Every structure is written in structure tokens, then in C-alpha cells.
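The data blocks that follow each hold one structure.
In the two assemblies presented below, subunit A is common to both, partnered first by subunit B and then by subunit C.
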Partner chain A sequence: MTEKKQPGILDRIENIDRKVIYFIVTLAVILPLINPIGLPLNIAEESVNYKNAIDDIPDGSNVLCKIDMEAGLSGELGPAGVATINQLLEKPVKLVFIFFYRGDCPLVFVNNILPNVNGYIDTTHLGNKVYGVDWVSLGYIEGHESAMAKLAEDMHFVTVDQFGNKMSDLPLMQDIKTASDFSLLIHVGGGDNAPVLNQFSTPYKLKTICATAGVDYVGVLQYYKAGVYSGILNSLKGTAEYEFLLGQPGLAIVATDAISVIHVTLLVLIIIGNAIYIYKRMVKKDVKGGVTE
Partner chain B sequence: MTISMDPGIWLGAFMTLAVFSYFFGPTKNPLFKFAESTVVGGALGYTIVIAGAKNLESLAYNKIVAGNVILIIPVIVGLLIYTRYTKNYTYLARIPIAFIVGSGIAVAAYGIISTNIIANNLVAVTGYLVNKDLATTFTNAWNIIALITSIYYFYFTGGKRQEAPPFTWLNKIGRYSIMLFMGASFGNTILARNALIIGRAQFLLYSWLGFSP
Partner chain C sequence: MSQMIRKYLPLGLLTTIIAIVTIQYYLSIQVLKDLSSTILNWAVIMATIAVGLGIINLLTRYMRNISRRRENWIFNLWTIIVIIMITATGLLYPFGTNSTFNWLLTNLYLPGDSSIYAMVFFDICFAFWRAFKVRNTDAALLLIAAFFVMLYNAPLTQNLFPQIAPLGKWLFDNPATAANRGIGLVIAIGTLAYSFRILMQRETGAVGIRESTGEE
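Let's look at the complex of A and B:
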């Protein structure tokens, strides 16, 4: 009777139960959130430029805001939306919000973003800005890139706003006809980067900044390098830098320790996995070499 | 630490934990399936109301009532898409699809050329090569090489010439450049997924369980 060979320590680590990995990752997320470590934060140039682009908006200008994220992304990009609106509220500018990404994006905007903004009372008053006069939300517009092209050409293409008010009843919209009437376009969202640039920024030479999901960051970076975007925020990390620059710590700064710890944890796991794989391949090669010799 | 008394927060916490049960329980457990079906069903229902009813009112009904009667034509053409569910008139569904695809390509084409080709690639090739910072100059030079070789990698019309040096080298550099891009994208995807988990963990810890940030 042959004795079954017991798996070695390396085999055990290599075939570790996924639940153990999830448990380690869970701890790496929760512990720094409860007990922040205060790890240093490097400020990226594109985050500084994002803030500067909003600082540089001339007083009295109109700003087109596409704070366009579905519920699943609000954990990652919600803090960017809140911090961006907070900075905008400090300036004498008028805001028009638009949504093209998904049908639930305006709901996320009203329920998850606005209540966390400084000075939020209700949807009629956003800080010192009055609805219809200083800010307007056009709601979700179906049609994606074709609808963007049409709206850029004619802002009165939609007849009612997010809350069912007629466009003719909104004083702010009487002065706004096309995308040319805006000084800045802010896109906070996990998609639509190319369509926004194609239909608003390039044809109307509209200065544009964006806060993007980490998945899209590498794709968006090329537009920043080419000068198409004037500033970008990279996911929660970029938002933490932005909150630091604004001097208004929010949920993103609190999350930076968790981001760092979880990254180190994952890196260690990747290094261990690869080291075992390479070691086992080398051992296998040596054995094979021995046989042929 | 004060636990929330808001029923909405409790419902959110329950749904979050139900989804997270995927991590520690069986992958197809009833809690996860319940949360999955509820989210999909709720999202679909909401989208039909918002995308359908609200947009039909704003973009079609109000304008038709105001006298822009010609808009009835796109509404009828749009409704033809439902002929897919009939036996004899399925072919009519091709008309709105053809409109959507055709107009979509036409609208996107201008922007793609002006943004991606002119503004992006030409600037990458011509505008940013020399920089006072040596590392940036090297990165920019590498960007240009990666751009040209990646485009070359997708150039399939060279026939046998592509299989001989130096074209094989160009192909190889292009392939490695694409792999580098994909590796960086993958790294950022992991970053993004972590951010999603952190978002939910913040909700559970701060909004539900009442820990202070």
C-alpha cells in the first residue's frame, strides 16, 4: 500500500482557500478605517490642476457639471462629486447638472451627493444657491452620445428639468443656449469620457476636467497629457489629494490609509504567489535537467 | 459609537452584507441571490420609468403637444423596435436599429477624428517630445514609439513583409506596449475595486454602526 504524499507548505500556500484571502483583505480595509495610521499623501500634478481649473473660473460664469455615477460607483466617486460641488459653492458661478450615463444617476446625485454637500438644506437651496436661479439639474437624458451632441447644440432640447419644472420657468436657463455659454465642463463619472470630449469639449473648445474611476484612469491620462483635459482626479486616491488641497477633509482622506494598507497587502500576496510559482518552476527544471543528463 | 436607527440605513446594510455573503459563504447562497435579483429588478424598473416615461414626456410628448407634430415620425419609428416580438413583422425592427447605429456612428465620427486623432495623437507626436526634465523627455519619446508600434501591430495588410526584420521587431515592441498599457489598466482596476469595497465598508462602519471617521 502506497502512502499518500502530504502537501508541503508551498503547496498549501499556493492552494489557500479564497476565504482566507478575503478575510485578510477585509481586515486590511476595516482596521485602518477604525484606527487611521496617517500615512503620507503624495499630491499628483493633475489633482492640483483639477483644483486650479475650478479656482480659475471667472466670476458669474456658467459651469456644466456632469456628476454622473450609478449607485455602485458612489463609494468610489461620490467623495469627488461632494468635494467638487463644495469648491463650486464657494464661487459666484452658476451650475447646470446633466446626466447621460444611467437612469439612476440623478437619484444618486440627489440622495448620495447633495445631502453631503456643505450648507445643503434641500433641493431648492444648495448653500447660498437657489434652484432655478443659481443652479439647475436637467436630469437623465436618454440617447447617450447622440443626445450629448444635440444638447451641446441646443440646451433647450429637453423641455423639463429633473424635478418636472418647465425650462421656460427656470430663469438660469434663459441665458444659456448652447455649450458655448459655459466656461468649464466638469465630468465626475465612471464612463463617457470619450463621448463628452467628442461632443462638448473639442467642438465648443470647452475647458474640461474630470474625476474618473480607477478603471478608466489610464485611458483618461492620455487626454490629460495631450492637453484635452485640464485636470483629472484618479479615483479615491485623487479625491483624497483634492480634499487635502481644499483643506476640507472628507471620506476620501479617511480612506487613504485603507487604500495604502490594502495595496501593500495585495502586493505581498502577489509577490508570495509569484515567488512560489517561480521557485517551483526552477525546481521542476532542475529535476528534468537531472534526468536528461 | 451609536448604531443608526434609520430603517433605510439598516436596509442598505442588510443588502450590503447579503452581497458580501458571496465572499464567506457558498457563492450561490440565497442571501446573495436575493440581493442580486432585487438590485437588478429595482434598477430595471427604475430605468424603464425614468428613461422611458420621463424622457418620452420631455423629448417627445411636450414638443408634439406644443405643435412640433413631425416628431411623431421618430416616435413611430422607435416603436417599430417592438415588432421583434411578432412573427410576420420582425424585419421592421431593423429600421430603428439602422437609425440608431447610423446616426450614432455619424455623430461619433466627427468627435473621434478631432479629439482622438488630431488633438490626442498628433499632439503626442509633435508637441511634447523635448522637455527640460530628462525623465519626462524619455517618457514622451517612449510614448511616441509605443504609439507608432502599437498602431503598426494592428496593421495587417503588409503580407509577408511583416514577417521579416525589422518589421518583426516593430510588431514585438507594439505588442509589449499594449501589454504594458493593459497591465497598468489592470492595476488601476484593482485600485478601483478596492475603492468600491472601501466605500461600502465606510457605509457599514460610519453610517450603520456609528464609528466616527
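Let's look at the complex of A and C:
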């Protein structure tokens, strides 16, 4: 009868219980949030351009805002939405919010984004902006790209707004007919980049900026490099840079330390995991080749 | 006659719609613009109807699962209860903004959606530990690229390794962007080719008919 070989220390580390990894990454996220480190930020050119695009909007213009994210993404993109609205509130511009991504996006906007905006009282008053006069939310429109195309050519294609008000009762919407009545399109969301550019930006020559999720960054970057987007924010990292530029530290700057620590933790895990893997492979090769240690 | 109705009528309709919507995008012809606008209206209405059809389809399947006590039927039952609950409260006055409807979505749906998304993070971290290994040359290349991108993405490592971290930016700006453009172009050309085949009535799959047999 052969005796069962006891696993070595390396085997035990390699096959560590997943709960241990979960515990380590939980600590890596929570500790920097409780005790911020305050690491310096390197400001990317694209974040500066995002801020400048909003700064450059002429007074009295209309801005089309597609702050379109589901609840799952609001942790990553919510701060970008909040910071963008904060900057817009400081300017004498009128805002129209639209949603095409998913049916719950307007709810995320009302429940997760607006309450964190400076000067938010309720959905009737957003800072110094009055609902219906200075800002309007059209709510979710089913139909994705077809609906975008339709709305771009006729902003009155929807008859009621997100809160059930008739479009004819909203003074702001009386001056807005098509997408060409806007000076800037702001797209904060994970996805929909090509449809937005195809249906709004290109046909109506609408200047467009975008805050995107980390996984979509490369997809957005190609348009920025081509000059289609005037500025972009890369996930929480870009939003932290934007908050810094605005001089309004918010949720993203707080989260930046956690992002740093979790990145380092993952890098360490990758290095240890691979070191063990390579070492075990080398030992196995030596044994196969007849060389004993 | 049957062939005409089943194959050529839908294909002809499809061809006409594609032609109208595409041409009006590039040429400013008022008649085509008006037609395209009406077609877009139809598309939006049909998309909305499709959501309703999807729900009916789901309910039919789940009801069957429940009546036959198939595996996990209890979750099917729960789904039906939630659909009914949300639909019923959504239809209460004021339509779509009723406080009960908002409460359900705000306090059940939104936190649930966020939690599911957040839970994925833990599995991704564990996958980094278990699966991200240098098993072959492809995996090694992926790992090296990921390593530099991670160094670039975190402010801490950007400051700790100012000479190495820009490599991540270079990877984003050049190989990743170039590859993405390539993929984008391939998709665009593929879409054009597919649309052209529909226009030429060569793509019967678009109307649900198999080319070889002519069967639906």
C-alpha cells in the first residue's frame, strides 16, 4: 500500500481557499477607504480636454446629456456623472438628459446621481436650475439606435418626460427641435459609443465628450485619437483627475487610493502565482530529465 | 405564390427599408428623409412590442416549467411574481412614477443589480490568482501587457515606477487602439457586405429562411 503524499507548502499556497483571496482583496478595498493615503495624481491630457469642452460651452447654450448607466456601473461611472453635472451647474446653460441603454438608467440617475450633486434639493430644483425651465429629463426611450436616430431628428418625438409631464408644458423644450439645437453632447456610460456617434455627433456635427468604463476605454480612445471625441474620462482614474481639475474632491478621488492598493494587490498575487507555477514546472522538468535535487 | 409571400415579399421589404434609411443618411432628399422618419417610428414601436413579446414568451416557458415541476422551478415562480409585482405597481397612478413602484425598484432592484456586479469583482480577483499563468507564449504576452496596463492604471504604481508605467499608456495608445480600429473596420466592412447581400436578395437568413432547403 502506497502512502499518500502530503502536499508541499507551494501546493498549499497554490490551492489556497478562495475565501482567503476574497478576504485579502476586501481588506485592500476597505482599508484605503477608511484611511485615505492621498496619493498624487498624474493628470491625463484627455481629462483636461473633457473639462475644457464644458468650460468652452457658450452661455445660454443647450447641452444634451446622456448619463446612461445601470446600477452596477454607477460605482464606477456615477462619480463622473456627478462631477460633470456639478461643472454644468456652474454655467448658464440648459440641460436635457436622455437614456437609451437600459430601462433602469433613469432611476439610477434620479436615485444614485442627482442626490450627490451640489445644491440638490429634489428633482424640481437642481442647484439654481429649475425643472422644465433650465433642465429636463426625457426618461428612457426604447428602441436603442433607431430611437436615437428618431430623437435626434425630432426631440418632440417623445410626448412626456421622465416624470410624466407633457412636453408641451416644458418651456425649455419649446426652443429645442432637433439635435442641432445643442452645443455639446456629454455621454457618460459604458457602451453605446458607436450609436451615439453615428446618430448624434456625426450627422449633426455635435461636439461630443465621453466618460467611459475601464473596459470600454480602448474603444473610446480610438475615437478620441481620431478627434471625434473632444475629451474623455477613463473610468474612476480619469474622474479623479477631473475632480482634481475642478477643485471639487469627490467620490472618485476617495476611491483612487483603493484602486491603487487593489492594483498592487493583484500584481503581487499574479507575481506570486506565476513564481510558484514556474518553479514547479522547472522542478517537474528536472525530475523528468532524470536530474534529482 | 407561397414562395413569393414567404421569401420575396419580406426580402423586398427589407431591401427597400435598408435602401431608404441608408441613402437618406448620406443624401439630403426630403421624400426619403420623411420615409426614413416614419420607418424609424415603426422601429421604435416594434422594439417596444418586442419587449412585451419577450415577457409573454418568458411567462409561457416558466409556467410550463412550474406546472411540470422542472429543476429550479421555484426560481421561475419567483421571477413571475416579481414581473407581476413590478408591472402592477408600474401601472398604478401616476403611471410609471407611482411611489410603490419607485420604492420597489429603488430598494430591491437597484441594490440587487449593484451587488451582482460587485460580486463579479471577487471572482475576477480569484481568477487573477488561479488562471493568469504563463502557460505558453500567448499567455505570457497577455500577462506582460496586463502587467504594464495595471502599472499605468494605478496612481500609486505610476508614481513608484515613473519609467515603466508609461509603457502601459503606449500599449493603450498604439497596439490596443490599432487593433480596435482594425476590428471596427472589419465589423463595418462585414456589415456592409451583409447589407449588400440583403439588398441583392441573396441573404435569405435575414428573413428566417434557410438558403439550402428554403425551409423556415
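Everything that follows uses one rule, which is that the second predicted complex is superposed on the first by the 289 of 293 C-alpha atoms of A that agree within 3 Å, B and C clash if a C-alpha of one lies under 4 Å from a C-alpha of the other, contacts with A are read in each partner's own complex, and residues count from 1 in each chain.
What we mean here is this: a residue touches a chain if its C-beta (ideal position, glycine included) is under 8 Å from a C-beta of that chain, and two chains touch if they have at least 3 such contacts.
In this text the structure is predicted, and so the values were computed from the model without any measurement.
Look at A:Met155: by the touch rule set out above, it reaches neither subunit B nor subunit C. Residue contacts after overlaying the shared chain place A:Ile141 against subunit B and subunit C alike. In the superposition on chain A, A:Ile259 makes contact with both subunit B and subunit C. In the superposition on chain A, A:Leu197 makes contact with subunit B only, not with subunit C.
Contacts of A:Tyr217 after superposition on the shared chain: both subunit B and subunit C are touched.
Of the two partner chains, subunit B is the only one that A:Gly78 touches; subunit C does not reach it.
Of the two partner chains placed around the shared chain by superposition, neither subunit B nor subunit C is touched by A:Ile232.
When the two structures are aligned on the shared chain, A:Leu39 is found in touch with subunit C, with no touch to subunit B.
When the two complexes are overlaid on their common chain A, residue A:Gly273 makes contact with subunit C while staying clear of subunit B.
Overlap of the subunit B and subunit C interfaces on subunit A: residues 22, 25-26, 72-75, 104, 107, 141-144, 146, 149, 157, 194, 203, 214, 217-219, 222, 225, 237, 259, 263, 266.
By the touch criterion given at the top, residues 16, 18, 21-22, 25-26, 37, 39-42, 70-75, 104, 107-108, 111-112, 141-144, 146-147, 149-150, 153-154, 157, 163-164, 194, 203, 214, 217-219, 221-222, 225, 237, 240, 256-257, 259-261, 263-267, 269-270, 273-274, 277-278 of subunit A touch subunit C in their complex. Taken together, the subunit B residues at the contact with subunit A in this complex read 23-24, 43, 46-47, 50-51, 54-55, 57-59, 62-63, 66, 103-104, 107-108, 110-112, 114-116, 119-121, 123-124, 127-128, 143, 181, 184-185, 188-203, 205, 211, 213.
Subunit C contributes residues 25, 33, 37, 40-41, 43-44, 47-48, 51, 94-97, 102, 105-106, 109-111, 113-114, 116-118, 121-122, 125-126, 128-130, 132-134, 143, 146-147, 150-151, 153-159, 172-173, 176-177, 180-181, 184 to its touches with subunit A in the complex. Considering their complex, residues 19, 22-23, 25-26, 29-30, 33-34, 72-76, 78, 102-104, 106-107, 139-146, 149, 157-160, 194-195, 197-199, 201-203, 213-215, 217-219, 222-223, 225-228, 234-237, 251, 254-255, 258-259, 262-263, 266 of subunit A touch subunit B.
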